[in-house]
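One structure coming up, written as structure tokens, with questions to follow.
The chains carry the letters A, B, C and D, assigned in the order they are written, with residues numbered from 1 in each.
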Amino acid sequence: MSQIQQKVELIQSEVIAAGTVRLTLNAPDIAAAAVPGQFVMVQTAQGLDPLLRRPFSIHQINSEGLLQILFKVVGRGTERLAQCRTGEQLSILGPLGNGFNLGESGNACLVGGGMGIAPLLFLASRFLQQSHGGVTPRVILGARNREELVPLMGDFLALGIEVLAATDDGSFGYHGLVTDVLKTLNLTSQSSVYSCGPKPMMAAVHHLCQKENIPCQVSVETVMACGMGACLGCAVPLKAGGYAHVCSDGPVFEAGELLWSL
Amino acid sequence: MEPVNVKMDELDLRVSIGSLKLQNPVMTASGTFGYAREFESYVHLQRLGAVVVKGISLEPRAGNPPPRIFETACGMLNAIGLENVGVDRFISEKMPYLSALGVPVIVNILGDSVDEYRQLAERLAESPGVAAIEVNISCPNVKKGGVAFGTDPQMAAAVTKAVKQGCQVPVIVKLSPNVTDVTLVARAVEEAGADAVSLINTLIGMAIDLKSRRPRLANVIGGLSGPAIKPVALRMVYQVAQAVSIPIIGIGGIASAEDAMEFLLAGACAVQVGTASFVNPRATEDVLDGIATYVREQKLESVRDLIGALRIG
Amino acid sequence: MEPVNVKMDELDLRVSIGSLKLQNPVMTASGTFGYAREFESYVHLQRLGAVVVKGISLEPRAGNPPPRIFETACGMLNAIGLENVGVDRFISEKMPYLSALGVPVIVNILGDSVDEYRQLAERLAESPGVAAIEVNISCPNVKKGGVAFGTDPQMAAAVTKAVKQGCQVPVIVKLSPNVTDVTLVARAVEEAGADAVSLINTLIGMAIDLKSRRPRLANVIGGLSGPAIKPVALRMVYQVAQAVSIPIIGIGGIASAEDAMEFLLAGACAVQVGTASFVNPRATEDVLDGIATYVREQKLESVRDLIGALRIG
Amino acid sequence: MSQIQQKVELIQSEVIAAGTVRLTLNAPDIAAAAVPGQFVMVQTAQGLDPLLRRPFSIHQINSEGLLQILFKVVGRGTERLAQCRTGEQLSILGPLGNGFNLGESGNACLVGGGMGIAPLLFLASRFLQQSHGGVTPRVILGARNREELVPLMGDFLALGIEVLAATDDGSFGYHGLVTDVLKTLNLTSQSSVYSCGPKPMMAAVHHLCQKENIPCQVSVETVMACGMGACLGCAVPLKAGGYAHVCSDGPVFEAGELLWSL
């Protein structure tokens, strides 16, 4: 596993919805090595405060070596990143973590909620490009309302992927939860579900898949200091007891391995 | 990984910790560098002065429930709870890679009783790759043992004696900063036979989430590390340097060569880079390159010219 | 100066420190707010919970030679050496302005002997504007007295008794963080009659100038303050809150309302804003406005609902 | 004394020589209250590191409320300021300190070395504008070499003030010290000298003036935490014993009041 620490140039910064920002970085070495579900650690300050890097899923890469991250401004680090201007150099580490297992599945369903859609775009494009003939995954995206959801859908539509939408307030697509939409797809144990989003959403997806015996991979988040297995700070409890480390054992896990009650 | 870009052939960066000879004074700090392999993409590991590995106990430990870490102003809190694979798996799974690196491997140990420390030392003494043992008597996270050993000079001395009896390799005792007078513990472990002391371990701290009104760490309190604690660490190294004659290894908030050289001037023979490796995985090597550049530019005969060279008055 | 922009009429922000009633829990920290007048262009002084003034001794003190301060990561070191005008000039020159402010004036005192503390208390008790006395037993800068009083529970108790004998106003004892167990000193001064404790004073630290190879402070060591020390301060407030039943005033790295409210949750009845006032002279009032806004938005009956409301387990 | 804490807009940032930067800020309230010799405290970071503000002399103000500072990049704070871009908001405190006493003197001589020229431009323009008929002060500026000195002279020349130059290496103007030039002016006790620059230079100016009985004011620098008399960190030893505080008793002092041996 080869990881790289690099200063890379910010090529473009876009506010794609209120408080949601997409950065495009010129990072050919990291982009070349990355697989969907992996992440990068980004330094947000020039000084010592904020001290730690921030983890972000790789949202998309392209053949010119550009790498995108998509994030919500929630605190000091993301605020700083949102203010960065084109031409600035950002220090990033990556690619980190294990990534999704694309398996053999011809019947993949990607279920994202809120910023959880970030890693799913890269995953969807990989499915389309797979060597043994591309497959078009099904994509279910959920958010609180139309304003949040619609800007996140565009990239999937541009790939020619139909998006099944669900909003909490019914202002767009299905009025309700992504799991309600997921139920209607009649997936089987031959299908695979890939999910990323708020914990309650992923727990619901997991429970549904468990009941229906559908394989399900989830990408989980924790606080991180190092992102590379050194600090042991990113523990998540395992069903079998003990802990896994999100940065090195994950961030993608078979949903059944994790202890969801916590 | 970047190519090595500071020529060091002609420079004398060697230091000794008792009978342990190091090619340079830059080590990793326990618990912040994993078992070294985690950093092989970032650091030319064979260039390090020594590698200090995560604290090892007799039995494997699962560690504390999450959240285990929280960022603070220029620092971080951790309450990992000493998660580790246990001494047996450490020797069978981790030592082969470590001993092949060609740099001294220092094993950090922790126990719940004096006898556990002795047993750990005995087990590790059997493993040929172990260059020295660093005794963690200062970890604030585990309720049993940890705190008391590090804050009571007599207990600290007892642990030191037990470890010395258990092994032949140099024994470094790692001191806690959470004491009224760090020189008392330093003197006690020196008398008990410690070959060196390293300091500081983390300061005990806490943070609260206003939204949930809960502690930010599941363990409630945790250890504060990073640049925030550097002034406290440097002061304690300076104080201990006046109080003992065994070698001192300086630790606490070191993120640059300038930081490291402050510790050398204050009396440390070597340094450990901790939290900085999380932010900049190449921090250890950057510190080394910076020291080398300074030694060359200042035309010092050796890096040892810096040790204790602080001018006062 | 900016107009007051948070309406507080309907909010109950009152807290008590023993018999001392405060309109809100936000005070200044001794030595960081001068004699208040320095801040009159920036802060509506009459809005503060209380003003704590620079430490006063029996005789005027010139203080330490420069350099006296040095910036560190998210903090600063100071070795002012307790420069002050002495109690007589304080009463004649500074008290008239202070007592006209209409907020409680708390006078921080320091002495080289138990008897000096008693004399200071007696002198200040004659000055009608003095609402309370804060006893600095923890300043690390003066070689005589300072350190010993704050780190030894018996000495701390002796000073407390002497000050209590010397005056009728509430006595707040300010604790040093440079101890193994802060609760021992807290309990000792509680038993000796302290009406409240405030904590923390500065951590002892040091910094070195690589170029000159000299300490950054003429005094060699100094007190570390600012956001860097907040986790240590919060932990100690939490520990002391479990150990004593007198009111606690939280100090250390407070720069925002969120910081202040963490201290309230940990068990403090009030807070002091120190180093932050150097960076943002309006920091005290910003903290106050932030607390008021929180109390309104969360529809709390009073700010007192926050005190000790930390949830554990 | 009314001091103001304000966020002000950066109007212009100019690199006037290698490592020397001039910032123009839109700060009408502070500019209106300022007198020559006073300074401002500038916040250099958005986060908590570097923590403390940095002091800078007021270099020039104009009638539109613009305020300039001129500085050398010497560390983290000045580096940060040098990177600020037009349109950014900077938090500044001011005007701080006492300022020069312009007195009655019709025969003023301003002696600056290196960045010590910063407060002298504002002082020179005030002399020209004085209510009881402007006077043209004499100005001696010293620096290491031509590259350092020439860019600093322009503003004085633009005011119509002749500059007597001295460089350490003789690459421009007099080859030697500013005090050598000062000696040639035959000043008397009716003149006044105003000096700002490196400590050894100011000490030399002071000793010369003391010998010749010429009144001499100096502007001195120390490390500062607050800039407003609250921390007592900015002590300088006095000839009479004890200490003065540069931020509140100074930064301008009668040279004879200070203890120069330290």
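Definition applied: a contact is a pair of C-beta atoms (placed from the backbone, for glycine too) under 8 Å apart; a residue touches a chain by one contact, two chains touch by 3 or more.
Just so it is clear, the model here is predicted, and its values are computed rather than measured.
Visitor: Counting C-beta pairs in contact, does A-B beat A-C or the other way around?
Guide: Most C-beta pairs in contact, of the two: A-B.
Visitor: Could you tell me the distance, in whole angstrom, between the mean C-alpha positions of chain C and chain D?
Guide: Using C-alpha averages as centres, the distance is 36 Å.
Visitor: Mind checking the centre-to-centre distance between chain A and chain C? Centres are C-alpha means, answer in whole Å.
Guide: 47
Visitor: Could you give the separation in Å between the centres of chain A and chain D, each centre being the mean of its C-alpha atoms?
Guide: Those two chain centres are 54 Å apart.
Visitor: Where in chain B do residues touch two or more of the other chains?
Guide: If we look for residues of chain B contacting two or more partner chains, we find 73-75, 226-227.
Visitor: Name the residues of chain A that each touch 2 or more other chains.
Guide: 48-50
Visitor: What kind of graph do the touching chains make: line, ring, star, complete, other?
Guide: complete
Visitor: Give the list of chain D residues in touch with chain C in this complex.
Guide: These residues of chain D touch chain C: 1-5, 43, 48-53, 91, 93, 222-226, 228-237, 241-243, 248, 262.
Visitor: Under the definition above, what is the set of chain A residues touching chain D in their complex?
Guide: 45-50, 76, 80, 85
Visitor: For chain B, which residues are in contact with chain D within the complex?
Guide: Interface residues on chain B, with respect to chain D: 73-74.
Visitor: Could you pull out which chain C residues touch chain B in their complex?
Guide: Its residues touching chain B are 72-75, 77, 151, 178-181, 203-208, 210, 212-215, 220-221, 224, 226-232, 234-235, 238, 253, 258, 261-262, 265-266, 309-312.
Visitor: So in the complex, which bits of chain A are touching chain C?
Guide: Interface residues on the chain A side: 48-49.
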